[in-house]
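Notes follow once the structure below has been shown.
When the chains are written out, they are named A, B, C, D, E and F in that same order, and each has its own residue count from 1.
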Amino acid sequence: MNSSRIPIRKEERPPRLIDDEGRRVDGRLPDELRPIKIEVGVLKNANGSAYVELGRNKIIAAVYGPKELHPKHLALPDRAVLYCRYHMVPFSVMERKSPAPSRREIELSKVIREALEPALFLEYFPRTEIDLFIEVLQADGGTRTAGITAASVALADAGIPMRDLVAAVAVGKVEGRIVLDLCDIEDKYGEGDMPVAMMPNLGQITLLQADGVYSPEEIKEALKLAMKGIMKIYEVQKEALKRKYIELKREVEEDYGKK
Amino acid sequence: MARSSEEIISSLDKAKIISLLKRGVRLDERRLDEVRPITVETGVVQKAEGSALVKLGNTISIAGVKAEIGTPFSDTPNEGVLIVNAEFLPLASPSFEPGPPDENAIEVARVVDRGIRSSRAVSLEDLAIIPGKKVWIIYVDVYVLNHDGNMIDASSLATIAALLDTKIPKVKVIDGENIEILDEWVPLPVRDRPVSVTIAKINDTLIVDPGLEEENIMDCRLTLTVNEKGEICAIQKGIGGSLTLEEVYRAIDLAEKAAKKIREALPPLPNLENVEWVVREEKEEKE
Amino acid sequence: MNSSRIPIRKEERPPRLIDDEGRRVDGRLPDELRPIKIEVGVLKNANGSAYVELGRNKIIAAVYGPKELHPKHLALPDRAVLYCRYHMVPFSVMERKSPAPSRREIELSKVIREALEPALFLEYFPRTEIDLFIEVLQADGGTRTAGITAASVALADAGIPMRDLVAAVAVGKVEGRIVLDLCDIEDKYGEGDMPVAMMPNLGQITLLQADGVYSPEEIKEALKLAMKGIMKIYEVQKEALKRKYIELKREVEEDYGKK
Amino acid sequence: MARSSEEIISSLDKAKIISLLKRGVRLDERRLDEVRPITVETGVVQKAEGSALVKLGNTISIAGVKAEIGTPFSDTPNEGVLIVNAEFLPLASPSFEPGPPDENAIEVARVVDRGIRSSRAVSLEDLAIIPGKKVWIIYVDVYVLNHDGNMIDASSLATIAALLDTKIPKVKVIDGENIEILDEWVPLPVRDRPVSVTIAKINDTLIVDPGLEEENIMDCRLTLTVNEKGEICAIQKGIGGSLTLEEVYRAIDLAEKAAKKIREALPPLPNLENVEWVVREEKEEKE
Amino acid sequence: MARSSEEIISSLDKAKIISLLKRGVRLDERRLDEVRPITVETGVVQKAEGSALVKLGNTISIAGVKAEIGTPFSDTPNEGVLIVNAEFLPLASPSFEPGPPDENAIEVARVVDRGIRSSRAVSLEDLAIIPGKKVWIIYVDVYVLNHDGNMIDASSLATIAALLDTKIPKVKVIDGENIEILDEWVPLPVRDRPVSVTIAKINDTLIVDPGLEEENIMDCRLTLTVNEKGEICAIQKGIGGSLTLEEVYRAIDLAEKAAKKIREALPPLPNLENVEWVVREEKEEKE
Amino acid sequence: MNSSRIPIRKEERPPRLIDDEGRRVDGRLPDELRPIKIEVGVLKNANGSAYVELGRNKIIAAVYGPKELHPKHLALPDRAVLYCRYHMVPFSVMERKSPAPSRREIELSKVIREALEPALFLEYFPRTEIDLFIEVLQADGGTRTAGITAASVALADAGIPMRDLVAAVAVGKVEGRIVLDLCDIEDKYGEGDMPVAMMPNLGQITLLQADGVYSPEEIKEALKLAMKGIMKIYEVQKEALKRKYIELKREVEEDYGKK
């Protein structure tokens, strides 16, 4: 709340967010995803981990558990507790963010947890805790959904039994049009942001939020577009997990070969 | 993170609620799409710039507005600042603990804030006094006094009612630099009355405005905030659990209808014609 | 500590706090209480609750317990622990108060607890906790004493066995005179404030504080005046409890009537 | 909230103390109205603007004063600011934990502060430098080093002694705007020496200056702060338990007498005649 | 304070490591004075003014630099401000908990900071914009992403690499008062590349760059930071345990050699010839 | 980070820190310690305590324990936990310090603990805690080392079995020369500070830190000078403990004499 701060990087609003040919600020069409890359098992210590790049987003997720829960009176007799922390490193954004969790980060940690819970068989691990940590190393719009995409892969990598993967993407409204996968300039200067997560195979929505103003029809259009994007992301998730599995297989075989 | 003691409900109660819902009936005999009785009382705290006490059944929220003059955010130098803070007082429920707002209270505050911000309910550009330097800072503090379910809608309603009740003094800016607070009080520039409606999903049934026992067993909730035009201006899914696309569409229908009903409990929008929040005066040039 | 803040509501000192006829700023005589209203059982969830209006003070008190105490090593083997939190909502005062507990609120929570403890048979409930929450919705001078008055009724409403009710009022010194029940202007511009709580039937003082300067004789005069006020408040407390009891009786009878 | 371990005293000890008190005798052989031996040493910390180490029996408090130039409170623009902070160091007692001040330390700080403020011991209006803009901020930090009962009186005494020991530099204000710190040090404007006296009630007996074992079994305590004229300038009842009117009157008598005695241990009031804290200078007009 | 679970290692493992060390061999087959493979990748976070990801074996640290314009410290009015903050992310190890930095993370930050400050690696006097009023504030945040031992050296390396990667905009000062940020980016004035080398002592053997299993059983560690000239510019002994004088001398030798090797992984020093961070302009005199 | 603060006490850099005759700002020679005074058993409640004056440093240390550790899961099965808190009172320095622990105080608490641990037979007291509190009442350069010197005596006073006392002193570099026991002006305006702690009888270094730039030879010179200072301090420590023992003996004898 201090306007005396002089910003050293300016992100000015471009004159148009969508041009006459329907191209967006980064050249994408309204229903086009940004380039996405997923790597599995990037951290040695975690039971499962994944790294996601989506546009300039760089996000890492790690899973520890199931493990004993301290203090014990917080344990649940009939299922595991899922703990989730979404966090942005201070240099992930234009203006340095305090390392302490903001109200925004606390809310997002909650909705991300609630977006993943429906996919997990938490009842298989009573009295335990599964810890999920999401670190945003660079933020470029859509970090919560990219974080869910990463987290879901990390949970699978940790061998936590799941009903389905959870894939997520944000849709939104930019110059009156519903578009897929907002980048940060669209997020900042557009008219609305609607993050969606689904279990794609089960057709179940596990996260839905929105700001901005929408007619009921626009919401329907947005959700359909989101589903389209989610299906693509789902494929990339599965690819990444398969790749890890194949690598693992090769390593194991090589190990045997050695002997 | 862990469910609080109150939420551990016997499977008997759960079975009972579900079997009633299957017959389209609720524990308290409401219809599935029926909101509990609402009362909105404004002006309850005279030392606040605006205030409202809302009862949604037995859920009670009180909101108060305080206004100060301060510095704008660096990325919106020409706008006033609106800050919504929600707290669950320990006197409201045996499951609330004293302490700073937890994730649940923060979620309520942020959902309420989102509905007001998206609908541009308060026109913040009217609250700039000296652009880039001095603007109105509007604090809304919402406190839940008794928790009987659906704190989001009760808090959202209390917030917008308190904003509608708010008067701030007109401000004179002399030579673009000096501020004088006048003794003429004007309404806050409130231009929309967004209403949030929470729908709970219990075992594939959607119900409007869940009570506490319903919340304790719901699979998930979806909050839709609806503006005066019937547009959706904020959405928040909460609690683990999931929804199909069709369920989302049905929830939107339910919310649209309920919002109209709920809005009737609110005071009307203020008449802002010819209202000025800032008057500017240039003193004669010094020679 | 920032004088750059521009107050939007001015509470200027009136030229006189007591006029030639002995009338105070709000027209009261020196030994006159402000209008008082007490309601019992205003909150459904609490085991006991009360709402007090005294002048423009609006205060709500709620009691939960006796209940199990966590963590257990804080429990006392021979009596219940009374926990008390006095809190002002941010909009209860002219200048917005931070919602976090101030040093003042922490001190007042302590002295209020200590003013109520002597009235309670805490030894009846070993190893348990009784929680008392006082929220000041609007403050107008004398909130701690009005809070005690409310809390004592809420404790009775919760069925906690008591030696006596505790009733409380502030006296003080305004333009050299000892007056009863200071309003906030008198509190701010007067010469002293002396909050007093008593178990009226037992003649026992359970809270006594003062700021300002007093001769020993003035203290005696002040305490006598406080007792007078306390006796009146005591009557209103008992009235309120009786009314609740009668209502309850009627409801019960009506319920029986239905059958 | 819960009594600390140290306070759980065997009923044997309690019985012993009470039976002694009935015969007018105390554990440490003091009379009922007798204060423990007091030593006050000032100037113990040279880097502080003022300091004092007080021993009240085996209770030890140290107070230090630091002065800064800062902004006044908005409701007292023409006064300096005095802030009293008290902490119970964990080295003072097996029952103290490291951490921010708890309710007990806060109570001590606020009772000490109240006595000084009510008696106008420090004339804050002398500490305004540029009214509304720059004033002296006087911090007093009181630390209890060893707790053997009656920390309020020990801390109160250390505070007033440290204030009496305090010197601040004279300040020059040029053209009503610029501040220059001069190398001439003047005493803080201390104009009264309020002394707090704590009376404990144990089983209907009133005793002055309770020691730790007495505190552990007392029914309640009453602290009365007495100014130079013998007037009462602050009262604080503490600990559950209650007093009759007559007991309060007797406590006042006891406090009046003890205060006179205790005040002898303090340094005298500074001579403030002809002392100026701020000098104002107008530079020649620029043409 | 208490050793974390991970650190409780079976005496079997300990015996194995020690018996290997006696034969001059380490668990991972390194020589006693051998540092694990190092990779340094800079520019990994484009929104940061500078960044670097460092792998020291399986220990991973990421550092990012953000620059702001702010007020100098009152005791160094003519210097920019450098703030190093280190955090151990809970995703880095099963033994790390979410929360503010604990004593271990604070120690890392302060040791890293000390090396940079003592070696004057960043010439802070170049970062004063308007002396006494406006200077560059350089924040370095170092995060450990995977902990496999020797977080100090990994964090130190990430920090200096991120500083070497940093560019800040040139600033124009008009009439000594107004600041304009130009669109010309210049390297941060980094003039030395201090490298920290941690030596562990296990049962009288000194080893360089301990891995996690080695750290868990080491008696103590000694970190020596070495500048470009081969001088020691920071020392930190850590963990209970002790060293003889001779062991310290041997550790210095080991550190000198390792530092040269490690420094090869760093980018070169920037060419600062003719680089200006601030340009000053006087507008024509007003008449 | 606020230069608008006006310092009321100036500590200007003297033109020379060492004069032509090798005298330092306070007249000492490079290898000369400041006057030192140690008192044992200064606090009644603590199990052990010590007060140290070194130059203008005034430091008090107290030890409580070994005692039961709460919460119990933090206890170690094979040894005592040593807890250490180094703290400066707000008025111990020129510019008032916030009473909350700074990052500096947290680091120093850690290194002081680690400097003392090697001297203690912690394994004699499994499952317990020993608490060590160091309060700096006035700071004058070298507080951490003077704190260790005090703490070690307090531990001995508490009867905690020790391999050796720990004595400590800072050396440093001032105008290019290695000097012993820096005072605060030398600490502030000199080129480097190197705190060292040892178990003098065992020749073991238990604390070693440094800032400033040193050639390897300078480090050797500095450590030798530190050892020299430490030996002197060690003598004063032992003297102080002996004095306490003699006093105690006299008191005991007098007590017997009375009878």
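Points to keep in mind about this one:
To be clear about the criterion, a contact is a pair of C-beta atoms (placed from the backbone, for glycine too) under 8 Å apart; a residue touches a chain by one contact, two chains touch by 3 or more.
A quick note: this is a predicted structure, and the numbers were derived from the prediction, not measured.
Shared contacts of chain B and chain D, meaning chains that touch the two of them, come down to C. The chain with its Cα centroid farthest from the Cα centroid of chain F is B.
Using mean Cα coordinates as chain centres, the one most removed from chain D is A. Centre-to-centre, using mean CA coordinates, chain A is 31 Å away from chain E. Rounded to a whole number, the gap between the C-alpha centres of chain B and chain E is 47 angstrom. Mean C-alpha positions place chain B and chain F at a centre distance of 57 Å.
For chain B, the set of residues that touch two or more other chains is empty.
Listed for chain C are residues 5, 7, each touching two or more other chains. Across the complex, chain D is touched by residues 5-9, 43-46, 49, 56, 58, 60-62, 64, 67, 85, 87, 89-96, 99-100, 131, 133, 135, 137-139 of chain F.
Touching chain F in their complex are the following residues of chain D: 44-49, 51, 58, 60, 62, 64-69, 85, 87, 89-94, 98, 100, 139, 141, 143, 145-148, 168-169, 179, 181. Here chain B touches chain A in the complex through residues 1-3, 70-75, 77, 81, 103-104, 106-107, 109-110, 114, 117-119, 132-133, 137, 220, 222, 227, 231-245, 248-249, 252-253, 256, going by the rule given at the top.
Residues 1-5, 7, 74-76, 81-83, 103-104, 106-107, 109-111, 113-114, 117-118, 192, 194, 199, 202-216, 219-220, 223-224, 227 of chain A are the ones that touch chain B when the two sit in their complex.
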